[in-house]
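Dropping the structure in here first, questions after.
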Amino acid sequence: MYENVMKSAERFKARPLGRDQKIGGMKQREDLLFMKVEQEQAVPFITWLKELGGFGHLVLFTAVDFIEQDIFQITYLLHSYEQHHDIVVLVEIDRQKAEMESIHHLWPHAATYQQELFEMFGITFPGSPRLYEDFALEGWQGPPPMRRDFDTKEYSEKTYFPRPGRVTHDPATYMKEQLYPGEAQTW
Amino acid sequence: MDNDSNNKEQLDEIRKQLTLANNDVREGEQAYFCDARPVVVEPYRGILERFANWARSESLWILGFGTGCGAIELRPLMTSRYDMYRFGIQPRPTPRQAGVFVIGGYASVKTMKRIVRSYEQMQGPKFVVGLGSCTINGGMYWDSYNTINRLDHYIPVDVYIAGCMPRPEALLAGFNALKAKIRAGECDGMNKYAQNFDWYKANQKQIIKHWEMPDYNW
Amino acid sequence: MKDIAMKALYTLISLFVILNYGLLLTGTMARVRAKVQGRIGQPVYQPYIDILKNNFLRTSIYHGVMFFLGPVFRLAGGLGTYLFIPVIFGSTIFSNFAFSGDLLLVMYFIFFGQLGMALGAGQSGHPYSPIGVSRGLAQMTAFELPFALAVISIASQYGTLSITGIVAAQQGGILNWVAFTNPLAMVAGMISFLGMSMDNPFSIVLAPQEIPIGPPTEMNAGFLGMLQTNRAIFNGAKLVLFMNLFFGGAGNLLVMVVKTFLLYFYVVFVGASFPRFRPDQSIRFFLGIPTLIGIAAVVLQMV
Amino acid sequence: MVSPIYAIAIPLGAAFLLPLFEKAGKNAAKALVLAILAALTALPVSWLVVWIVNTPNLAGLLRVSPLAVDTGGFPAPISIRLAAGIGEALVMALVNLTAFLGITHMLVRSQAKPTGKTLVLLLTLVTGVNGLILTRDLFNIFVFLEITSISTYALIASNGSKRAYEAGFKYIIAGSIASSIYLVGVIYLYRLTGSLSLDHLPRSGGTAIALMLLTTALLLELKPFPANGWSLDVYQAADPGISAMVSAVGASGVLFVLYKLTPLLSPTHLRLIAGSGAVTFVFSQVIALRQTDVRRMLGYSSTAQIGLMLLVIGSGRGTIPTIVLLGLLLGNHMLSKAGLFWVTDLIDGNRTIASMSDSGSLPALARNKPLLVAMIGILLAALAGLPPFPSFWAKWHLVSALVPNGRWLLVAVVLGGSLMEAGYLFRWFTRFTKASEDPGDVHQERIPADVPVTTRPQTGTVSSRSGKEALARQAASTAAATQATTQTIPQVVRQAEQPVEISGSPVPTIIATLVLVFGGIAAAVGFLAPNQELILLVPLAVLLIGALLDTLRIPSKIQLLLGMLGIGVYSWLLLPSLGGIPLVFGLLFLVGGLLQMIALMQRKGHQPGLAVLVSTLLFSLGNLLFVQSRLGFFFSWELMSIVSYLLIVRGRAASGAALRYLMFSLGGAYSILVGLVLLPTGFAPHATSSLWAGILLGTGFLIKIGTVGLHIWLPGAYAEAEDEVSSLLSSVLSKAGLFMLFTTAGLFIQPLLRSVPGVTLAYLLGWLGALTALAGAFLAVFQEDIKYTLAYSSMGQMGYMLLSFALMTQLGWINSMYLAVTHLLFKTMLFVAIAGVVHRTGTRLMYRMGGLISRMPVSFFSVLIGIIALSGVPPLTGFGAKWMLYTALIEKGWYLQAGMAFFASAIAFLYLFRLIHTIFLGQLKDEHREIREAPLWYLVPQLIAIIGIMLVSMFPNLLIKPLEMAIAGYFPQTIAWQGSTLVSTLGYWNGNAVMYVTMGVFLVPLVWLLATRRKHNQKVRQFNIVYSAERPDRPQTTHYAYNFYAPYRSALGSFLTPWATRFWKRVLSVVRVVGSSTRRIYSGDGQTYALYVLLYAIVLMLLLRGGN
Amino acid sequence: MIQVTITQAMTALGLLLAIIGLWGILTRRNIIRIIIAFTILDTGVHLIMVGLGYVTKGTAPILDGELAALGTLNVVDPVPSALVLTAIVIGLAVTALMLSYAIRLYQTYHTLSIDEIKEMKW
């Protein structure tokens, strides 16, 4: 399995991420593989995985905003029922030119993920059906809300009539002080 | 002639005040919706109203619409442990027949649209119970980009039950408080809504951009 | 003139009795159901309050003439059905208008209210209403068949279709009841009765989980109150009818109360014990064993 | 009187002299030919006139001494005698008339006008045929036979086409073998008897083989199955004008020779002739079913017709002489078949008409040349033996002659073959009449593959988004565009219609048609006059007058008014003379019919045929009320069937349904025909007779009623006919079968099985009725098309009537007629209201409608009353029917039937609610937002019917008491009246009291609601519904209508299997397979055909030996 | 010993010829041969006519009255001869027609084989 994927991965210039490394002190699952691939090679690689590699199920399809590196990392999680194996394909795209190839031709339901990604991150997928239609946010008019440069607190205060007199506490301290003063030492 | 046309203009003016514009429905859909304005309905007088209020308080039919996570706390009320039926409270599956609307916790903008619609479809007098902190001041979602902070800016609320989440006991206490309020004749959210209709509508429309419904959902 | 006035008075008394009895019975049975589930349950007088509250509602909506008339049809159907059944054997007050028609009239008058209500529900334009109606009508065709066979069997047994005649034939001891003289007809009839009562496992019309709550989805305020009133009266009428057909009728109010209570208790008992059928399951059920029992009852009368 | 010798001498002489005349001018030659033929036609007519003038009665006419000429002045056995009796005169007149018309046709058509040579050959052909008819000498017959044959061979080739040469050569081979056989037979006979004169041959034995040789040869000339492959090629390939001559003229002469030979033949010979005819008749019809080439199909029809006439010759004499039968059949065949060949010639040559499958330009033809199509219809009807054409009468008498002799096989052959013939002929006819969108084979409603949706309104606010706005707009518009293209309703693309031209003048065909029509009418007068039943011809008169009015293009409104006036007068005169059951049904037919005609008044402009057909239908229904003789009844019944067929076929997509209707109607009619013949006491009310008469008559009437199993014509016919016509068919016409059941009720109380007491025909009918009620109601539940629902509903209601009738008790009969009357009222309401809805909405699919109550309140009210009355809910009329039904059933002891009827009536609720809900309640569609109430003409009959229903509901005794009187005396009294309470032995019912109580209990809650919901009761609109906190998207998706009873379908859908349809389809496919496999013997090889000819002769000889 | 009269022999010969003719019609493929077979059949039939038509005890019908007076005078019956003459003429006509058909068929189908000429069937 692993060898098979790795062999083809070379063709697509995909590199596995830290298979034998321990992440956060924990060993990674045996049946999970992270692959990082260039933007141009991503869809061919996924296509290969689906058609020849046996990864027929698109489990998850999302994005992460790495505003510090000025990139969006797009994550495809694929699963193979025959091999009981997951592969995560990671693609980094330019945050300024947030555009990615659509994969709705491989999985029709990918169009829905792409609709969501467009709505939440502003990533476009040219050719994807219903991409510009409203999805979860009905009539949203601001910038994409999941981008990290969008200040939700400011937006909320501006929009939703905050009730005056709200106080925020640190839950741990507050609990110690207010509710269980006697037991505070044991924590 | 002049007099007639004046009269006609006046009549048109009055009609405009009495009817809703329904400008935000889709094109060509005006005919689907009733365009009457909600009106203030005077209560009965004297003992009849008090009797009616007693009957209303003893027969609270909840709209079975779980608007937020707090709705999970409504279910135990039906079980043998809490047994809300003994207080004359029971769920109804349709707003047309329900008298109490329980807002079950946080209300996102999307849910808010449905809340407004369902609330307007209930027949008066109707009561609203705000459940959990989220309905009071946004709770843990106070800084979210899509969750409201104050329910009473959008629909009139009769009773708030604080907590995150309030337990079923708290709910029962809240319902009893509501009953007392009803019996005292203090729950007139329906007329309040009709009186301040434009204010409520403006607040609602400020957040609900994708309106696509008439201004008042009969 | 005096006759008519007396008849009107008797009718009012009869209706008053059945309305209160029906409401109290509903309340009691809700309480019985609560006990089965280990709850205290609602007060016995809760149905009164609900009806009052619904009539006290300040606003209401309606969708058109048929919507307005739907509950009227329904209540008229309930009242009419009740009024064509002699309630207490030998009583002038409770003989109602049984002189204007026999058992066939009652069987068909049941449809009067259902049809009107279906039309009212239909005009509301809500899809759940016709779905509920379609389920209800479909199930109705199925459970009416064993019932009709039972009735035919009884009619041939006693040579009459008059309800009073059938009750009269059952007088003189418990063994004269149809339940004992024609047990197959009784079984077929009582299974149909379950379907007619729309309780579990045949509660596919209201079906709160799938099509909340079916035909009366759009009914509100006074319209709903009227439907609830009808439910009490119509329930009473059905119970009295089945009591008359299979269990020897009643000589006085007390007997009637006991018998109808037990009959209703039977429905609630079954309803509290079983989950709901799907519509097609329900239809197949009634057209299976109960129909065969009904046919057997009829054939036994033929040979 | 002019000597018969001229009939031979003149054409022969002229044939030789014709080239000389051609020198004088082409037109002179043509004029001469036509003049000669006219003279030849006039000659026998003159004889006939003289004889008719000189003899007082018909019997004397048949015994008139023939006009004989001995050639050369010697007496008969030495010289050749020509003799012309009444038969000869008749056939000669017909032959020469047809020849005259045929040659005229060929002269006036635009292409392929006959040359001088052809004219010569035609003249010799006529000479030969005339000679065949007249001569009494066997060898002379051979000579004329050869003259006929040789001219025919040559004529076939005149076409000059490749196929014609092929066909002609095959013909020659077969023909020469046949003539060799004839020659041998002649000489053998001469050796045995020493004489060749028909008048002097001994009738003793010993000559059997010689006669058989002659008979065989003549039979071979008459193209018997299977030795007739060549003849079909001739019909297909030759010039249609020539084909017409061969088919009509040539064969007639030979046929007549065979007829002349019959006095000499033994019963064995005759049986062989009849058998040969029967085989030819039935197999030719079967094979014709499979033909795709119209001319070849007509060819098969020709051989079949000749087979039928052989059957007539061979099967001996019936109540009327064979010659009359033969004359009727022959004349009918010659004129109609020749006419049809000419028609194929007229319509644009071979291109459009020759193929059965190509229907491209035929409908256009129907629109451009309605008269031509009407003419084709008449010719086809004549050929198929429909009234009033001569072959109809011949068929009646033929069956009357066969049945008493117990020749059931021949009866089956004659009737079965006729049915098939009508089938393929009218299948061809429907190609003309159907509209371009008519698929031709509709049996069930047609649902579009996907529910088409109108494009939803564009969202009002397009979300404007940072940086992507333009892109989003563009994408949205593309998406909308794709949506629009994928969601457009598939439009029926009308083909560009080719202009259809008629090549040549149709005058000869018209003349032939007119001769047929008037011959038919004359025959009708002749056959009906002895029973003093000429009044039965009134519908025909109406038809003729109507045809005239139609030709003048008088607007339909005026025609209808005239028709209504006529029917009014007719009813005024007729009804007072009736009493009892006929009076009830008379009111039903005539007054009910008038009610239906009001709705038709809505039609604007000129609707060809509508008014006349409706009026004729009602008149022929009126005939049924008082007709006494069997023949008169059968005539009226068939007339009613054919007229109603023509009414149905007017529907937009009705061709398939109408054809099915016609086939079942004719099948039923033939069953009735045999049943009637079996009635020894004649056709009179309450005749008792054999079991078989009851079964056969009953089957015929049950088909008309649409009993389950025989019902498959019903849904299509009722649904696909025009909307107002459907109402007429369902509420009036369907009762005809019921009326006849009442009239012949005495037949149905006979025990079905001697061993099982109590099982009578009526008992069987009762079960059939219960099953029909159940099946009708059940099938109606699942229809999406409103008219199919109503059609099946009608079927179910007829089931109740049948069940009630079969009870044979007082209450049962009262109920049957009560149902018939109320069914008329509420079905009028339903059908006409639905006609209005369909008229306004332009669709028949229920799920496309919805919410129409606000737009069409009166129609809604009418449908509401209709469904309450139909369903049996008190207090309206339906309950009375249900009460009487169950009471009567339980009184009779038919408990299981009662249970079944109850189940059916419960199922009826399903479709009734669906009907009213999906059309009038629920969501109003956008496209219906502006429609108006139905036209006034539709509302008037509905209102009248509503008043009727309400009256009968309020005062049931208004209807029940007269019905009780109508059947007084038939049964012992089982019901009694106490005031307005109807009391039976089982129960009681007081319609008045029920009405008052219902009104009372209805008013109380109504007043309460009106009082309490006076204020703040807001009327809301269609989308103001609680929709799971959402809003409805579109009315289409919110209206619950499609597959309304899905749970019912999943529970009981297996009972929807179309068993009956499957059965009848299988019957049809068996016939087709037989046809397909039988026609394989026609390999196209001339030698094979010659072999068949030889084998046929040998087999016949062997059979003769076996027969002795 | 079987007495074979001339008429019987003629009949037998005619029968033989007729059968040969029929056989030819049914088996030959060439149209011309079929026509020839037909003429053979025709001839056979004519022979049969002559053979059968001789009525041994018959009289010549034309001279009915006077013949009786002549008694044993042996007169040949003229009727069959007349018939045969007519039949031969007709047969000739038919043969001629067939031949002309053969020419036409050859012109249109370019063959004389009857197997090729079956465009129409069923």
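Order of writing sets the labels: A, B, C, D and E. Residues in every chain begin at 1.
To be clear about the criterion, a residue touches a chain if its C-beta (ideal position, glycine included) is under 8 Å from a C-beta of that chain, and two chains touch if they have at least 3 such contacts.
Computed from a prediction, not measured in an experiment: that's the story for all the values here.
Within the contact network of the assembly, the step distance from chain A to chain B comes to 1. Traced through touching neighbours, the fewest hops from chain C to chain E number 2.
In the absence of chain D, chains linked through touching fall into A, B, C | E. Of all chains present, the one whose mean CA position sits nearest the global mean of protein CA atoms is D.
Greatest Cα centroid separation from chain A: this falls to E. In terms of C-beta pairs in contact, C-D outnumbers the other of B-C and C-D. Remark: chain A and chain E have CA centroids separated by 106 Å (rounded to whole angstrom). Remark: chain D and chain E have CA centroids separated by 51 Å (rounded to whole angstrom).
With centres defined as mean CA coordinates, chain D is found 69 Å away from chain B. Per-chain CA centroids place chain A at a distance of 59 Å from chain C. Chain B has residues 41, 94, 96, 209-210, 218 in contact with two or more other chains. Annotation for chain C: residues 58-61, 217-218, 221 touch two or more other chains.
Shown for chain A are the residues that touch two or more other chains, namely 134, 139-141. Listed in rising order, the residues of chain A touching chain B in the complex are 134, 136-142, 145, 150, 152-153, 155-157, 159-163, 166. Contacts from chain B toward chain C in the complex involve residues 41, 43-44, 52, 55-56, 58-59, 61, 64, 79-80, 83, 85-86, 88, 90, 92-94, 96-97, 99, 123-125, 190, 218. Taken in their complex, chain D has these residues touching chain B: 457-461, 463, 926, 929, 1016, 1018-1024, 1026, 1029-1032, 1035.
Residues of chain B touching chain A in their complex: 109-110, 113, 136-138, 142-150, 153, 203, 206-211.
Those residues of chain D whose C-beta lies close enough to touch chain E in the complex are 77-78, 139, 142-143, 146, 149-150, 153-154, 157, 162-163, 165-169, 172-173, 176-177, 179-180, 183-184, 186-188, 190-191, 194, 196, 229, 232-233, 236-237, 287, 290, 296, 1079-1080, 1082-1087, 1090-1091, 1094.
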